[in-house]
Each structure stands twice: as C-alpha cells, then as structure tokens.
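By written order: A, B, C and D. Residues from 1 in each chain.
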C-alpha cells in the first residue's frame, strides 16, 4: 500500500532558536507537502507582532515517518512568497569583511526598511537614499535557515550551520531547488525559517531583505542515502554545500563532497571527476557573516553522464 | 597634438618568471594596441617547442609612456584566441582542496591532453575517459597572468599575485573585459602570459586548459587614478579584485575596494553602498591554488547611478 | 549566614556527549569542591570497561546554586591524577596539518598504548619504537573538555568548543589553574571529562595521552562577571581563551578579550593595554584538530598594575 | 687549505627594501663573522638621522663564497645590542586582530617613544602612561628581518617573509640562536635589519621596540642541505619556521618541515615523529601583522635521539 501524499497546512504557535531534538509539532508521511508561514529573523509575523526572539526563530520540528539516521531528508522547495509588504535589512557591510577602517568611516549598525510589492515582486528602500532613488530590486525569495536535528543530542543555534543544515543564508535556496540533508535522528525533525525577499552573495550586511513568507515544501525520505553534507539540485545544476569557517574550509568540504557525489551518483572516478570539475566547476558564496560560512559547489547537469539508478 | 593610436605586433624572444623592473622590450604610447602570442604555462610555444621555463613565463615588459606611480594602467582585452590545437591540464583536484584523503584515493599528479578546435571553439579530452566520452567544452579563452611591475623594487613571481596583478587565474579575464592596475613604476611595465582555453572557478586542478594564444590588448594610462587593487568592468558589471590568502582576506580586499569605488566613482556613501551591495553583490572565485588566492567582487551596472565624470 | 564549603565525591553512572541543559546529576553550593573520576575520550573507565561512547563523554551536569546568566562560574583545578597505568594516543599527525602528502607517506590512523606510572608521574610507549626507546615523558595531567551549558537551548558537542568552554584541549588546564566560564543557564550546569596525562601544543595527533583521572575542582559563582569568553589565571599569568576556526579568529577573540580585561580589571585603557601587550603578550595554541581551534592569550602578572577591586 | 675565519666590520652606505639579487656590498668566505650596525624600521640611524626609507631597510647583500642553490646558509646570531638609548613602537593593537570594534574604541595609529638603557638592558615608556608607571621591561634584542635572496629573479619586500626568510618578526631570533636559510642564488646574498629591543608574540601593535643595533653574525655555507623553509636551533631546542597567511597555513608548513627534519636528521619515521611531536611539540607565534605570518614549531633536544652525522 502506498500513501497518497497529503498537503498539510502547518501553523506554529511556538518557534525554536536551535535545531535539535524537540518534541515534534507535526508528524507526516514521506512525500507529504507542507505549507507554512515563517516569521522574520527578529521574530515578527506578517502583522508586525513579535511572536518569538532572535536569532532566526524557526517553524518545526516536523517528524517525517520512516526517516532514520543514515537516510537523507529531501526538501523540494515548491514555492516561497512574501506574506507582507515590508522587509528590513541592516547597514553597513559587516566590519570583519572590510579592511581596517578609519574611525570616521565606522558606522553604527542601523536598520532600514524596504517596501516590498508581493505582486510585482519588487523591493525598494522605504525612505529615499541619495543615488539609489531608482533602485527597484526584483524579488528572489529564499529560505535562510532550514535543516534537520543533528545527531548525538546536539542542539545547534539557528544563528549558524553545519552538516545538518541550519542558517546557510544562500540565495540559491529558492523555489525550484531541492536540498537533501543527512538525517541525524529518527523522524528527521525538520525546521524552517528566516526567509529573505532577496539577498546578495555572502549576506554581507548580515541580512537579506528579512521578511515573513508563505513557504511550500515537499519532504521525502531518501532511504540509505548516506550524506556527509547537504546536497541539492536545480533544473540546471547539481550542488554540494559546505558549512564551516573559514571560506577555505567550507570550499574544501563542498569540493570533496562533489568529488564523492560524481563517483557515487555518476560513476566518475576521482581522476575523471577532476578533469571535469577543473574546467566547469562553479562556486557560490552563501553567507560570510555567521559562525560557519556557507560555500556551494555547483556542476551543470549538461556536462554529466547518465545518473546511476540506485 | 594627439597621437593616433598604433597597433604593435610584439614578438618576444625571451620571457620572464617575475613581474618586476626589467628593461622594456617595447615602448608604446598610451592608447596603443598590442597583438602578441603567449606561450603556455610550461614554456612551450605553438609548435610545442620549449622556449622558457615555468612558472608561467610572461611576455614583456611593455613600457607605456607617461605612466607614473599614482596612475593606473587600463588593459582592454580585445581578443584572445588559441594558436594551436592541443592544450593540457593536470589531475587530480589539488590535495589542499580536499578533506583528508585516504591513501587509496591519493592520486599522483598527472598531465592530460585536450584536443582544441580553435575554429569550432571547443575542447575535448584527447584520450577518452570513462563517463566523459561526450564532453565537448565550449572555449572561453582567458588570460591567467597579467599586470604591471610592483613598486619598491619588488619582483614578484608569476606563480602568484598581489595588488599589481599577476597570476590571478580568473576565468572572467576574457575578451570584452577591461582591467586597470595600479602603476608602481614609471612606464608601468606591462606583462602578459599563461592563457587558458577554458577554466572552472578556483583553477582547482592547478590549471585551466593550458595553451598558447594570440592576444590583443589596448593599454591606456589613466592619470591619477589612485588604485589599491585591480579594478575592471565588462559590458554588464563593474568588479574589484582581491589577491591574498586565505579566501576570507581576498574577499575583504575586494569588498573594501568596491565600497571605496562606489563612493569615488558613483557617489554612493558607505551606507548607500552597503544597502546596495548587501542585496546585489556577486562574488567569483578566481584561483585557490596559488600562494595568493583571487576573489572578484562584482556589481551589475544596471543597479548603479550615473558614473561621476572625473 | 555563610555556608561552609562542602566537598562532594561525584560518581556518575551516565555520561554526556554534549554540553547542554540536561537534568542536574548533582546540586551544590557555590564554593563547594567536587572530586570525581573521569573516563577516557573513548568512554573506558579505570578498569578498561566501556561505560560510554565517543566523543569525549563528560561527567555532569553539576548545578551550582545561585548561578544565573550574566554570572561566571569559576573552576579552580585543585588536583588531577591518572587513575590507571595505561593511556593511548593515535598516530600520525592529522593530515590537515601537513602540506600535501605523497601517497607513500600517507599512514592509516593507528592507536598506540603508553605505559603510565602514576607515582613516578611518567609515561613511555608500551611497545618500543625505533629512536624513542629512551623517551620517558613527565606527566602534566590536564582537562581536555570542561565548561558549562550554553544559552538559548543549545547543546554543543563535546567534540568542539565555543564561548561556553568545551573541548579546548589546552595543555595549560592543569592543577593550579583556574578558569571562569560565562554562565548561560540557571545553575550553570558544569561538565568535565577527557583528561590527558600529557599533551603537546595543538593536540596535533588528535590526542594527548588519553586516560581516566581523579579530578578535584572547586566551583564558585562570580556574580555579575559578564564574560564573553573563558578567562583564567595561574600563579604567574592571567589568560583569555578564544575558541574558533581558523587560528586567526581564535587569536582575534582571545586578544580582544585580553584588551577588554586589562581595562575592566586593571584600569588600562586601550592605548596603555596596547603598549603593554605589544611587548609582553604570549600566545599558546590549544587544539588545532577540533571544529573550533583554541588559542590562549597570556600576560604575566608581573607587568600588571594592582587589580581593581570589584 | 682551510681559510682562517675572518671578522668583517660591515658599514653599509645604502640599504634595501627587498631581498633580491642586488650587487653584493661585501664578499666573504663561509665561516666568516660580520659585525654590522642596523638602522631602524623607519630608516633612522643611531643618531636619529634618516638614512633610508621604510619598510624595514636592510643591510646587504653579503655574498658568501661557495653558496649555491641547494645549499643552506647558516646564520649564527652571536650578539645583538642596541646602539642608542631610544626606541619606538606604535599603538594600538592592529585592528585586524581585534573583534569588530566600536567607533569610540577606534584609536588612530600613534607613535610612542621608549627610553632604552643599553647597559641595564631595560626599556620604559619615555612619557608616563597611567597604570604603566613602573613598567621596566628587560631587553631581549632580536632580528626582525633577515634572510637570503630568493630564486627565479624574485625580489621580495622587507615588509613580508617567505621560504627565503625576510620579515619574520619572531622574538626567538636573538643571540644564541642559529637559523639556516635555503640558498636561492649563487653567493646566497644575505640581508639583515629591523632589530627590536624586545617584542611580544605576534608583533601585535605592528612593532617591537624599534631600534638600531650592533649585530654580530657568523655565516656558514651548509653544502647540499636542501631546505624548504628556514630551520634553526638554540641550546635547548630545534625549530622549523613557516611563513604564510593565515596562521593555519604557517603552522602547516612548520609542522611538515619538522616531520621531515626529524626523519632526515634524527632517523624518526613519520610514525615515530608523530608519537613524539603529539606530546611534546611547542608552537611560537612570530608575527601576525605582515602579509605573511610566521609560526615556529619547536621540539626540545632532550627528547631527541642522537643526530645523524651527514
């Protein structure tokens, strides 16, 4: 007997600041779809009411039946749309990303509001700023923080990320993308939050345009897909994610995992994978502001041989 | 009186392994164009004859009249085309980019030949490799190593890079791109070499497809354009280049220089530049294999206000 | 009324692989002393019986009455002595600490036994190794992993460290040293384990001589001592601890905290503290093998003015 | 015939800001001794007269007959003594070593004078600073910048360091220490300058107490001692030096070279060397302010077997 996939509307009443083994708020079958509204990184909902505290309160956990350590949890991001008409960022670029500043260049951290048009799917600064009067950014809504409970009883802050996912703040985690996480505990315990209306590489001001969203994801257990790090794909690419400081190490994790993946899933040994990656690999920088940075290693599907059926 | 720009065909008979204050091989006016053939990273010319030694022998130096410290030398890359029908790479992915390997995964460094079609502008492995039998890569020829003599009597290896340019191995240095370097000595002393038929991000096998090319560049002195780091542009983007280890520091240099540039050239103060960069910045990883890594910070021109005339 | 400090013998029956908000196994008054035996990093007790699992099972938590977030928990290490006559290490030096190896230099991870004499306080390799036949190392027993429960519901693996302490693997955490940790939750919840009979800088083989110990510590609440990072002292020095990757960042945290400390506790402003630290600071490298590295910034008390009474 | 070693008094009239292949100012035999006075990092001599420009003008080059690439040049530091009664440092601690500062903590770079007593061998701040009124630092004079000309025609700034030596700013380079550098060119071309009266680890304010010194060194060619990095020894220790950014990489170079050295010079294979280093290695941090950082890996001679005669 096969279950017919169900769509659940999940409306949380409390939120979490860690990804860990909290009691499940919802229990679903593998293959089910969730529609849920996130609150923003500061804990404010669509009406601006403070519902939880920073950092990055997340919805969940959702227990997916049948998920066991050694499996992966695949998250298909089906839709993300802002649920309100303002978002916010901070300024300036984080000091650790800037060569030693002069005191007179040192700016206090300040919050700024963006007016978001969820229909036209654009954002502009709510208060005009000299030189940016005509800036209308197209929205590319994305999930900042999602993943599963880590193993060994760990409970990891939503302010950072690791092998289990977490606060990766990568602008590529948008509708049409799917990401698989290594399951650490029975039921996987999925969490989700911290959406951004749009974000540059690196999240270098410490934020994307922070906003609540209605997010639709499908959660599927991939049995025995032993993952070390999150792996994903889009229509064009496969990708592997490394979360660590510094960037060199995040790059090392993501590159290694792509070498392993090309072998496991496409039958390319280390030498063949090196030939290919050397000339076609692409790296995207997720965040460079959290305790762990995020670096994504991508390879276009057009260069790959047939995927090995497993 | 204004000089009519001249096109020079420059055919070197000796090459350099450092960018430094060697006697000029050619002296030109600002605005002149150079057509020159490069030899490959190992020192072999279009006929496979060894003409010089590694690392990355470069053509030059070219003295550009009127260039003084405090000026910049703008290099417009007008054309790059392979001048032979084979190139080479090495395998595997460099060990420092891979998580601690098992001994049985450790592969010796090996050279592999690619057949290059300079008309169809494609490359394929000369000897078939399992899983990559159908791989035909479109060429995107690029300059691996170029720049000017550094100041203070330094002579910096063509195996690395710094503020003066050098071996940046960034796949974006291709036809249509222009790059400006901070002039360190009178005449600028421009060098050029180490072209690749195509290359992935990071140059993670230590090579692009190494090949000789015929390269056409225009060299123009930009008076009093006090640069700290190389800056450039394409039709779509402006970009700033940071060369340093580790990636975090290269990113810091490139990000800082973009903040400065948005202020100097577009009138966006630190706060406005932060608003913009936070949501639209793009980072490209040049090389992660040389003593200095290369990271490029890009902003699309479509988000920028009118450039300030200077 | 002042409580007379009590000495508690704490004999755990279960162990933890995270520092987090587990139910207290013992509740004590501030100023009380604990005597407890630790098991080794692999979970084996003094009789070689496996009692728990890696990584680094720790005793605790111990609730210290009156400790609140904003306070510090001071841990005076009064005594550490091995409770058995063998310890173990692994070999070789971790691959990420060695420049790209040749395959024939790549050694599998192997465990080696050391014979420990807890009376003479020396260790030697149990099986002779060519060139090290006469090596008798004096023991300097130390605590590898200790600290308090972090805030925000986090539960952090005993395989790593952060502001709350954890697996710092610093050879200076030995008898006579005291360390204060920032309290994250009510009662502080102190944990302790992973003792080493002796260890070099960096813990570069991934271990000190791993052994169980009888450890005596006094735990004292320091009210309102708002700490960002662990701080400690010995008879000679004061020190500040930074836990992060890479070393540069751990050094940054420890250096900053020392600047703050010299101001808060000794009245040296940033300029005076810079004069002093520039010429007398010492850095010790704790571990360079865990996800967070540990770097210790020391200043000799002989250079310091009178401590400010608070 | 064996030459009787000669002592040369070398009084330079010009100085260099790079280590490179400049014409020799003095030519000596292997085993000869040099006595020379250095000027300070800013170029001022014992009388305060500006003789050269920053960064770190060095005396030399000295050509040592018989030195060839593949050899090492051993430098025995026989004596260093300040030649004047004032030195200087800058303040504050360099911003890149401090966690993101608040604007009100941001101090401008300032120079401060120290009164040096070359007889009592102490230094104190020339102008009293609150809290440091009684600070009298014992002098431990050291060489900040020394080494040989690099190979391949490179000329490397005295502001940084690499395999050839250079501006390492390690407080251990003091009288009684000897250091061997890999010879890059015929004659070795030795340079020396930038002495400090005393310095803390890391040179974290960007300076030791900058001063001119009379330095006595003996220079000896070690034939066929193929070095990758500087290696040295004191009465107690042998040590290996890594120069690179970030600290992790400098540590990697120094650690690898110690593993190689224990094999080559003491017959300890990788496994035995790991057993030993794991429990006894010491790391010292040289500078963390120059483009390349310096990290020194030390092993006490008391743990080592008999040195292999070569």
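The working rule: a contact is a pair of C-beta atoms (placed from the backbone, for glycine too) under 8 Å apart; a residue touches a chain by one contact, two chains touch by 3 or more.
Remember, predicted model here, so these are calculated numbers, not experimental data.
Engineer: Which chain has its C-alpha centre farthest away from the C-alpha centre of chain A?
Structural biologist: For chain A, the chain whose C-alpha mean is farthest off is D.
Engineer: Just the number, please: Cα centre separation of chain A and chain B in whole Å.
Structural biologist: Roughly 33 Å, centre to centre.
Engineer: Would you kindly tell me how far, in whole Å, the mean C-alpha position of chain C lies from that of chain A?
Structural biologist: Centres of chain A and chain C (C-alpha means) sit 34 Å apart.
Engineer: If you average the CA atoms of chain A and of chain D, how many Å lie between those two points?
Structural biologist: Here the centre of chain D sits 47 Å away from the centre of chain A.
Engineer: Any chance you could list the residues of chain C touching two or more other chains?
Structural biologist: Only 96, 107, 246, 248 qualify.
Engineer: Based on which chains touch which, is the overall arrangement a line, ring, star, complete graph, or other?
Structural biologist: complete
Engineer: Using the touch rule from the top, collect the residues of chain B that touch chain A in their complex.
Structural biologist: 89, 91-93, 96-99, 105, 107, 110, 112, 123, 125, 129-132, 134-135, 137, 198-205, 207-209, 246-248, 251-253, 255-256, 259, 266-283, 285, 288, 303, 305
Engineer: Provide the residue numbers of chain C that touch chain A in the complex, in ascending order.
Structural biologist: Against chain A, chain C makes touches at 16-18, 20, 55, 152-157, 244-246, 248-249, 291.
Engineer: In the complex formed with chain C, which residues of chain B make contact?
Structural biologist: For chain B paired with chain C, touching residues are 94-96, 99-103, 106-108, 246.
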